[in-house]
Amino acid sequence: MSIWEYANPVKFMRLSGAVLPWLVPLAAICLLGGLIWGYSTPPDYRQGASVKIMFLHVPSAMMAINIWIMMLVASLIWIIRRHHVSALAAKAAAPIGAVMTLIALVTGAAWGQPTWGTWWEWDPRLTSFLVLFLFYLGYIALWEAVENPDSAADLTGVLCLVGSVFALLSRYAAHFWTQGLHQGSSLSVAPGERMSAVYRYPLYVCMIGFFLLFLILLLVRTRTEIRIRRTAALQAREARP
Amino acid sequence: MSLLSVVDLAVARGGLRTVEGVSFTVDAGAALILRGPNGIGKTTLLRCLAGLQPPLEGRVIAAPDSIAYAAHADGLKTMLSVAENLRFWARVFDRDEIDAALEAMNLRDLAERPAGALSAGQKRRLGLARLLVTGRPVWLLDEPTVSLDADSVALFAAVIRGHLAAGGAAVMATHIELALPEAAILDLGGYRARPRAAGLRPAGFNEAFA
Amino acid sequence: MTALLLRDLRLAIRAGGGFGLGLAFFLILCTLVPFGVGSDGDILGRIAPGILWVGALLACLLSLDRIFALDHEDGSLDLLATAPIPLEGAVAAKAGAHWLTTGLPLVVAAPLFGLLLHLPLQAVPNLLISLLIGTPALSMLGAFGAAITVGLRRGGLLLSLLVLPLYVPTLIFGAEAVRRGAAGMDATTPLIFQAAISLSTLALIPFAAAAALRINLR
Amino acid sequence: MMELGKYTQSVLTAYGVSVVAIVGLIVQSLWRNARARAALNRQEQSTKGGRDAR
Amino acid sequence: MTALLLRDLRLAIRAGGGFGLGLAFFLILCTLVPFGVGSDGDILGRIAPGILWVGALLACLLSLDRIFALDHEDGSLDLLATAPIPLEGAVAAKAGAHWLTTGLPLVVAAPLFGLLLHLPLQAVPNLLISLLIGTPALSMLGAFGAAITVGLRRGGLLLSLLVLPLYVPTLIFGAEAVRRGAAGMDATTPLIFQAAISLSTLALIPFAAAAALRINLR
Amino acid sequence: MSLLSVVDLAVARGGLRTVEGVSFTVDAGAALILRGPNGIGKTTLLRCLAGLQPPLEGRVIAAPDSIAYAAHADGLKTMLSVAENLRFWARVFDRDEIDAALEAMNLRDLAERPAGALSAGQKRRLGLARLLVTGRPVWLLDEPTVSLDADSVALFAAVIRGHLAAGGAAVMATHIELALPEAAILDLGGYRARPRAAGLRPAGFNEAFA
């Protein structure tokens, strides 16, 4: 059985309906547990209690990027293989991605307040996240705006492809634009210095929790989209003379 | 010689197939009139023949660059004069003669008027004159005589006859009598699409999810 | 294609000063900004590169709906799509006409506006070059946005939401080049980046825009 | 309640906004899903041709 | 009139996030400006009042064509003019719907955007008050401009040329009030002037706009 | 009782007078059909009767708020459903019944469809249904049957008859037969405006400077 099978709405509804009851408790445990664990970690010797923000900030920032990549893949599948559920999944993912980006921005801003002394700084990392947020907004707005679902799927697909390229370009341009204050990637608080296990494990749990949350929301929202489409389809069939 | 043939065509609009199993052939010198009640899918079929939307099933066989399409909307620029409008389309189709077209649709007196200052029927005449400057053999016409008075309808019939006599062909969707007794008539009422059989490719979300 | 380009230019001129409108908008913007931020020449000079570039984006944006929307409404777009011109060519011609009526006048008049905003003189060459390189990309990306939203009758806001994020790289490199010019620094790197972005945009976006148009005409 | 020192404001903002955003998203998703399900049920009730119940 | 207001609101929402689009545009503008002028928080803070106000003007401007143009194209305007609603009332209802979808969300979200642009905190109350007083006038003046240009199909540029100069007094007093707030000074005078302008605009412009519409429908 | 009377009317379009000296009276229960070649001025005359443009000379006598106008364009909002479109107009005219109108123009099945997803004829039916919710006695119709199929034209004729029977009146401009033998016909061909006599008020710049 290939993965394409699940692009069939009936199969998708059945499978997602079967999986969801298992996912929900798992996600709840990981997310709540991870956040509580993270919240109760001792203050860092340099960053003090503000490290607690990390358990929200890093998972949400990673999800924000990964969800866009997932949308890109789903759009490609739709454009190439014409699997309707795939287009709907891309549509369903966008608001989740936008909220994740928003959380990353807000938690980053809250983190920056004690670290850099201002709520908002035009750091390239943060800026490129803001731009990513704009791309999410545009994508969502286009889905909302086009009435015909077939055109909407195609147009948002094209926008997602072009947008991905320009989001990437913007990221490099932003790095060129100003030197950053934000530390580099990898799970280290300062370059070259590995994060201590006290923070690392709860962070892993939070990441898993965020991912599961995304998965659940994605499935639920895709199911919603399928139901809406099916309702519209039945109505259209009825109205056709 | 057949200029346009259509084999077992199915077309869809708004994600639902409208007509299916349509087959016909239009030879040089022949005209075909499409009839059928409102909403059956005449406009959709013509747009598909014109290449604006892909057929859902079946094939449209025509020489490349042989089709000229005249839609409901005339595609006039209100700021340009009648002659300028025609000249633009002539140039797009790589020709530069517009006098014959002006003459044929009785637009010579209006040639210098901006298209925005024409009445509904005059606009329509200009829209039809556009076909004459395309130089293409197959004309697809969607309700060509809307807003035309009796004289202009006769003018239009004469233009169509001339085009057919010159080896052209025409497919028209219309609800009213066109004074073209030689034209074949195809009533689309009999080709109304049934619900999609399993196995067939869905026309869009509406069919994929119904 | 030339016919299309010429027609679009003629329409722009007939419609009331095609070349002038973009400039006038720019002029108003350059007058409004001092009202808004205060007339301190020093600050004005420092923000001038940004204002000039943002103004170029906005002037571009406000005229985007001319590219396809009118042709769609009056049915010309359907007819163009069935004409012997490839749709990609039509897109390019229309973006070209848009550039000639909005981008080019801006490039020519930019030094004057720089003067209004107290832009340091040594930044002017960079301003000219970066606008000259960058504005064609703006027009082309705008055409893409216009192609996606053609037939959606909901004003310029959606269009700007789609298009402005695409303008970000061009804007960053363009403004940076001018700023470096003002500071007397070398601006080759940002200009090269900008040229690369413009070239690839001009080469690839017509295909995306034509695809979007085809979807919308379907 | 833990002692957060001078970080109280930022940590609480971060957690507060995030929780609100996540809960909001979850509630919105469930609400929309419930509405879609109800609308579909209503529709399928009225169409006597619904091939498969979802 | 209520029917008209409700219909316009419903259309704005159907058309894809009526309330959200203006905000999104504003957010983009607040992102683009730092790209243009550089990331220096100090400079940004000083130009923030101006940028915020100019942004409000532009968000307003970009959505103006929604007010009458669509209704004119599809013929509703002709029909409305023959309906029992006085045309002045229709203008007011449409300007009101425009304000509710563009002006109001902006007022509510402005403090956040102020934060992005490093606007000093003590300027926020003045920002809110001046936007709340000023944006209705922007919508009404915009409706006037839209009424004058209805039926001319030449994109937003001409409209902005006509409307932007009318916005100047509102902009000057609004930005001044915010700037005074940022400097900790008293801003009653500019706010009073602004309120006077808004009130007289709201009282008189509907008649001018209705007259312009009647001429254009003739 | 006469619902609408027109005395020695002259109307102008684009700064030039189109028809002049038009006089007629339409009583309750009567219909008048305007005929004439393209561009004679039918649309202009109807717009003048509807109050959208002032008459150049002469008078239009009708009770205030008695006229409903249906133009070429139907004034539909593509984003709103058929029922929502009708309900809006009903509310504007201070009424709230739309069921009868939906029924009369056979739109019940389409009530929940967005107006943008209708075919040309279906849109036109909706445009005509709008007249029924205005509750006004005098209908002015500009080419009402454009795009309608035969069944819909019959439906339309029935609606008109019902309106006349209920004491209404209608003035229609059309080029085709309407199956309304009881209607009076006025050919505007005979009222074509001559060049302006001195002394008369010029219609606009075009006449003032000619």
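To keep things simple, chains are lettered A, B, C, D, E and F as they appear, and every chain counts its residues starting from 1.
Methods note: contacts are C-beta pairs under 8 Å (C-beta built on N, C-alpha and C of every residue); 3 or more make two chains touch, one makes a residue touch a chain.
Chains and their UniProt names: A = Heme exporter protein C; B, F = Heme ABC exporter ATP-binding protein CcmA; C, E = Heme exporter protein B; D = Heme exporter protein D.
Just so you know, these numbers come straight off a predicted model, no measurement behind them.
S.K.: What are the mutual neighbours of chain A and chain F in this structure?
M.R.: The shared contacts of chain A and chain F, listed by label, come to B, E.
S.K.: Among the other chains, which touch chain C and chain E together?
M.R.: A
S.K.: Would you kindly say which chain has the C-alpha centre located farthest from the C-alpha centre of chain E?
M.R.: Result for max centroid distance from chain E is chain B.
S.K.: Measuring centre to centre, with centres taken as mean CA positions, what chain is farthest from chain C?
M.R.: Using the mean of the C-alpha atoms as each chain's centre, the farthest one from chain C is F.
S.K.: How many angstrom lie between the CA centroids of chain B and chain F, rounded to a whole number?
M.R.: 29
S.K.: Could you tell me the distance, in whole angstrom, between the mean C-alpha positions of chain B and chain D?
M.R.: From the centre of chain B to the centre of chain D is 50 Å.
S.K.: What is the distance in Å between the mean C-alpha positions of chain D and chain E?
M.R.: About 33 Å separates the centre of chain D from that of chain E.
S.K.: Could you state the distance in Å from the CA-based centre of chain A to that of chain D?
M.R.: Measuring from centre to centre gives 15 Å for this pair.
S.K.: Could you say which residues in chain D touch two or more other chains, in rising order?
M.R.: In chain D, nothing touches at least two other chains.
S.K.: Enumerate the residues of chain A that touch no fewer than two other chains.
M.R.: Expected reply: 9, 131, 134, 137-138, 141-142, 145, 150, 177, 226, 230, 234-235, 237-238, 241.
S.K.: For chain F, what residues touch not just one other chain but two or more?
M.R.: Where chain F meets two or more other chains at a single residue, that happens at 72, 78-79, 117.
S.K.: Can you give me every chain pair that touches, using the contact definition above?
M.R.: Contacting pairs: A-B, A-C, A-D, A-E, A-F, B-C, B-F, C-E, E-F.
S.K.: Can you list the chain C residues touching chain A in their complex?
M.R.: 144, 148-149, 152, 154, 158, 161-162, 164-166, 168-169, 172-173, 176, 189-190, 193, 197, 205, 208, 211-212, 215-216, 218
S.K.: Of all residues in chain F, which touch chain E in the complex?
M.R.: 47, 50-54, 65, 67-80, 84, 88-89, 91-94, 130
S.K.: In the complex formed with chain B, which residues of chain A make contact?
M.R.: Chain A reaches chain B through residues 9, 84, 148-150, 153, 226, 229-230, 232-234, 236-237, 240-241.
S.K.: Applying the document's contact rule, which stretches of chain C touch chain E when the two form their complex?
M.R.: So the residues of chain C touching chain E come out as 15-16, 21-22, 24-25, 28-29, 32-33, 35-38, 43, 46-47, 49-51, 53-54, 57-59, 61-66, 70, 73, 152-158, 160-161, 164-165, 167-168, 171-172, 175, 179.
S.K.: Report the residues of chain A in contact with chain E in the complex, numbered from low to high.
M.R.: Residues in contact with chain E: 118-123, 127, 130-131, 133-134, 137-138, 140-142, 144-145, 177-178.
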